[in-house]
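Next come the structures, one after another.
In the two complexes below, subunit A is the common chain; its partner is subunit B in one and subunit C in the other.
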Partner chain A sequence: MEELYGKIAHCVEFGKINLASPYPPDMKGQEGADELTKKAIDEGFPPEEVLKKGLVVGMEKIGVKFRENKVFVPQVLMSAKAMSTAMEHLRPFFESGAVKRKGIFVIGTVAGDLHDIGKNLVSMMVKGSGFEVVDLGTDVNGQQFIEAIKQHPGCYVGLSALLTTTMVNMEKIVAEIKAAVPDTKILIGGAPVSEEFKEKIHADFYSRDPQGAVDFLNRSVA
Partner chain B sequence: MKKITDLIKSGKTLVSDGAWGTFLQAKGLEPGECPELWNITRADDVLDIARRYIDAGADMIETNSFGGSVFKLKNYGLQDRVFEINKAAAAISRQAAGPDKFVLGSIGPTGKILMMGEVTVEALYDGFKEQAMALEAGGADAIMIETMTDLEEAILAIKAAKEHTRCEVFCTMTFDKTLTNEFRSMMGVSPTDMVMQIVDAGADLIGANCGNGTRDMVGIVKEIRQANGDIPVLIHSNAGMPLYKDGKTVFPESPEEMAQFTHELVEAGANIIGGCCGTTPAHIARIVEIVKK
Partner chain C sequence: MTGRALVKQAFQLRKAERIPWVPFVGVHGARLIGATATAYLQSADLLFQGVSKAIELYQPDGIPVVFDLQMEAEILGCKLAWSDHNPPAVVSHPLLEGKTLADMQIPDKNAGRIKLTLEATRRLRNAHPDVALYGLITGPFTLALHLLGTDIFMKMLEDPDSMTALLQFTNEVGKHMASYYIEAGCDIVAVVDPMTSQIDPMSFETFVTPCATGLFEHIRQQGALSSFFVCGHAQQNIEAMCGCKPDNISIDENIPLDYVKEVALKNDLSFGGNIKLTVVMLMGTPNDVQENALECMDMGGNKGFILAPGCDMPMDTPIENVKAVTGLVHDPYRQEVVRAMEKEQSKLDLLNLKDYGQTDRVVVDVITLDSESCAPCQYMVEAVKKVTPHFEGLVEWREHAIKKLEAVTFMSSLMVKNIPTICIDGKIAFVSQIPPRQELIAAIQKRINEKLKLKLKSKKGELFIFGKTAEECQDLIANVKRATAELGQQMEIKMITDPHQLAIFGITETPAAILAEYKVKSTGTNPSVEIIKEWVKNVY
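Entry: the complex of A and B
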């Protein structure tokens, strides 16, 4: 069992999606996260363990490597693709309630900003840690965030911005959310954003890398 | 007309322009508004920006077309107006530049990731081709492919511009410093990787733009020069990392602070110096003073 979990984690960490995928080159011709996860489920391994001891472990490893600048965006994207492909085999267990999500994370790029690469990275990493992610897309205003928060009570919220001109909108959106649903925990991120900025606009958490957001969410639900 | 790279080969150090995006915002561009549509709806304001940089002494001026690819304009429902908008962008800068100064037709990244299958190689190539041809039609002397982070996308843009225009083709990428003090783009490309592949793809000039301030650019130029001693190099630095002050973002490097690195950049091997986000005509004027001394 443990050996198969280790293999699944390895495939996710190194972005090995399935048998057909040529990436990474040194794993060519081997089974990927897709086949191995299916095998684990078919053999009756507990889905919860497949998630926690396999997929989540792999995503956390790539998240830490990304934080340490040992890998860059392309490697994280391949890992996320491997993870999401494997996750399909777990979908029935999420739907039946046999496997529980850790919590719900609502994320969007703030009003006026159409950039989505950073937002997508965080979204994939959080999903890969076992949360349900509600992705509102780009150019999202305060009202849209508030509606989603009301639909998903107790959710955590992530705001993303790439531009120095749109990070300003974060302040307004944080204030609107806190006024409408005061206990909401709001995470912010993006190239121009900083810890100091987080303090100024009264958001709850800032991280310069996606894994920081994952760690914060895991601490919060623990 | 002379080529920019010929002037560089004759030993000249040239000055380019400063920021467009932050300048457009100062003129009232709202977040969520399409900056490139101003080439049609607010052409006088765009012309004024170009003129201010020419008046500051810049040898060349970019165009307001950074997000002018079909992929970006689609976000505003303007995907059918790519040629019109880019041609207008180049025509405005041409008007400001007159016959003696150069026009660099700006092409930014598409925001689509090839390796994730968000876009095909053919679609990217065709998109860059359309934008480059429109910029040439409007009067651009060179195509300035900038702020790239992915080598494959940059190479497709260079090839599309080389194969379908007679313009000189320039390409800059954007690098950050890693925890171990190496320079890498978001996609993991180092300046050395860039030199190898971008020059092979046919770029007439390479360089770096945006980033974390002028000081880091000196290190980037040194790394480029170690890999290639001949290729002309352009640097467009931000005026530092943006800070948040009283509800507004401000860029910390004053013209004087930024200009103090000009000598170091030239010494390291840069041939053209201009600015990116947060730089103003005052920054460019100060750089001109130092370079022309």
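Entry: the complex of A and C
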């Protein structure tokens, strides 16, 4: 049982999606996250454990490697793809309520900014850690965030910006959200954003990498 | 030397007399002329006006014609979402929508917005022959990402051959764009490839290096200079970027300037950047901007460094903040002032100067950088020096050159921000401008009058009458009483006949009188030693 969890985690960490996938070269011809997860479910392993001991472990490992500059976006995307392929087999258990989500995370790229790489990475990693993610997409304004927060009381909010020209919109959106729903915890990130900027605009948390956001959320719900 | 020559000098790693300043004015130019970003980027006239206005306001040594990484993508079929406050953004990726690389052609110089941009370039070249013009082109990796979307990242791993073909095409587009800009009069072609910050050095060397190296070689062959711009956390790739052999590397605040300096100079490349765009330029004060810019200048040095913001300046960057950089770059005095303030201010214990200026004389403090090396300071000191004789010893003046820590402490304690400044009895009186003689005299006279009034109100005294016997003192005491009565004042009189006391005061012949004046020097505070010294000096 533990061995299978370990293999699933390994596939996620190294971005091995399925049997047909050519990447990574040294795992060519082997089963990937897709087949192994299906096998685990078919054999009656508890879905919650498949998630916790398999998928989440793999995502966390790649998240830490990303933070340490050992891997970059391409490798993380491969891991995320392996993760989401495997998640398909777990979906029915989430829908039936057999497996509980840790919390809800609402994320979007701020108004004016249409770049979504960073946001998608965070979204995938947070999802991979067992949260429900509500992705509002790109070019999201304060009102849209507030509506989503009201629909999902107690959710955490993530704001992303890739451009120096649009990160200023973060300040406005943070102020709007804090005025409408004062207790909302807001995480910010993106290439031009910094801890200093976070302080200036009164957001709650800044992380320079997605794993930092995952860690913050896990600490918050613990 | 013209700014254009200064920039070229820095690119060629020759020691410069001054660090060149290149504000990355993109859609900020639209703001300067009251246009929207949307209109601005689609009009040669507006581009010309906006950049000209920026040149007038910011006196740059070099400036980009336009900062828009969507121009090539739009022509190649990406849909854009326009915004009035930002550059447009790419919202669709043609290679994901059924188009193939074979369907795409290299844009010619009349395609899309290239035509109007080149027209603006030519007009700017004619109108501003002394400013270096930067032509910005979309880097091969970023353009490939526009065309393919984020699938590009997985393609690198799953299908490296098609990735290489795509990058060869986008690089070819870059070569053509570079030629267009050079022909229209740009001195420097900047290859802006921010998305490379997302990949590791090995992927960079595998995919980006082969094409980018060719691109920079192409620019060199056309007789122009080149810069490789990156923004974001791209520290891991700086070495690899240098390996592509551009003339210059430009980075933003995510990468420490000292690191880039080290790597660039080791590779014989010039480098630039690094004024913080948002927390400082957009949200800070002109003082913050000058401190940050000076930090960059001191770190960058005058060989090979170009002072610039990290990236495209946000549209609403306050004009005063950008001008603050101009003021600093062109004014060595200002640099020394900011440097002195920055170095010392953090560790200062400010003096309590509430009771400063309570001596009989009026004290005029001139706060300078150093009157020997700063001309405005010298003239201000001379102006003060000349008027003091007018007051016949009533006025004392001092210079505080802030190259010394005590002077910085004093300056900060008086809340003086500019050099030179004249303070009269601890109050700021004249800032930066040297006052005309009559104004200076009037200001000092006003203070003397104030003091006189205070003096009359607060003075109290005591008269000691010394004698060998009480009888011997009586006549003198009677005269003192009469004198005070005639003046309508009261004065405490003490008679001292103790021979021991007489000896202490050094009195040998009696009767004698000693007048002691009491004056309130401070209330409710603990004046500093410096201040008390002033009181003491007044007595001796």
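Keep in mind that, in the parts below, the second predicted complex is superposed on the first by the 222 of 222 C-alpha atoms of A that agree within 3 Å, B and C clash if a C-alpha of one lies under 4 Å from a C-alpha of the other, contacts with A are read in each partner's own complex, and residues count from 1 in each chain.
Everything below uses one rule, namely that a residue touches a chain if its C-beta (ideal position, glycine included) is under 8 Å from a C-beta of that chain, and two chains touch if they have at least 3 such contacts.
All values derive from a computational prediction rather than experimental measurement.
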Discussion item. Tell me the contact category for A:Arg208 with respect to subunit B and subunit C: first, second, both or neither.
Written reply: second
Worksheet item: Of the two partner chains, subunit B (first) and subunit C (second), which one does A:Gly15 touch, if any: first, second, both, or neither?
Response: second
Worksheet entry | Contacts of A:Ile117 with subunit B and subunit C, given as first, second, both or neither | both
Worksheet item: Which holds for A:Asn69: it touches subunit B only (first), subunit C only (second), both, or neither?
Response: both
Item to complete: Look at A:Ala98 in the shared chain and tell me whether it touches subunit B only, subunit C only, both, or neither; answer first, second, both or neither.
Response: neither
Practice prompt. Identify the partner contact of A:Thr164: answer first if only subunit B is touched, second if only subunit C is, both if each is, neither if none is.
Written response: both
Discussion item. Between subunit B and subunit C, whom does A:Val221 touch in the aligned arrangement: first, second, both, or neither?
Written reply: neither
Fill in: Interface residues of subunit A shared between complexes with subunit B and subunit C
69, 71-75, 77-78, 81, 112-117, 139, 163-168, 192, 194, 196-197, 200
Discussion item. For the complex, give me every residue of subunit B touching subunit A.
Written reply: 21-22, 25, 30-32, 72, 75, 111, 113, 115-116, 149, 178-180, 182, 184-188, 241-242, 244, 247-249, 277-278
Practice prompt. Report the residues of subunit A in contact with subunit C in the complex, numbered from low to high.
Written response: 15, 21-24, 69, 71-75, 77-78, 81, 112-117, 120, 139, 163-168, 191-192, 194, 196-197, 200, 208
Practice prompt. Show which residues of subunit C lie in contact with subunit A when the two form their complex.
Written response: 26-27, 81, 83, 85-87, 89-91, 150, 153-154, 156-158, 194, 197-200, 203, 231-233, 236, 252-254, 277-279, 282-283, 310-316
Response to the item:
Touching subunit B in the complex, subunit A uses residues 68-69, 71-75, 77-78, 81, 111-117, 139, 163-169, 171, 192, 194, 196-197, 200
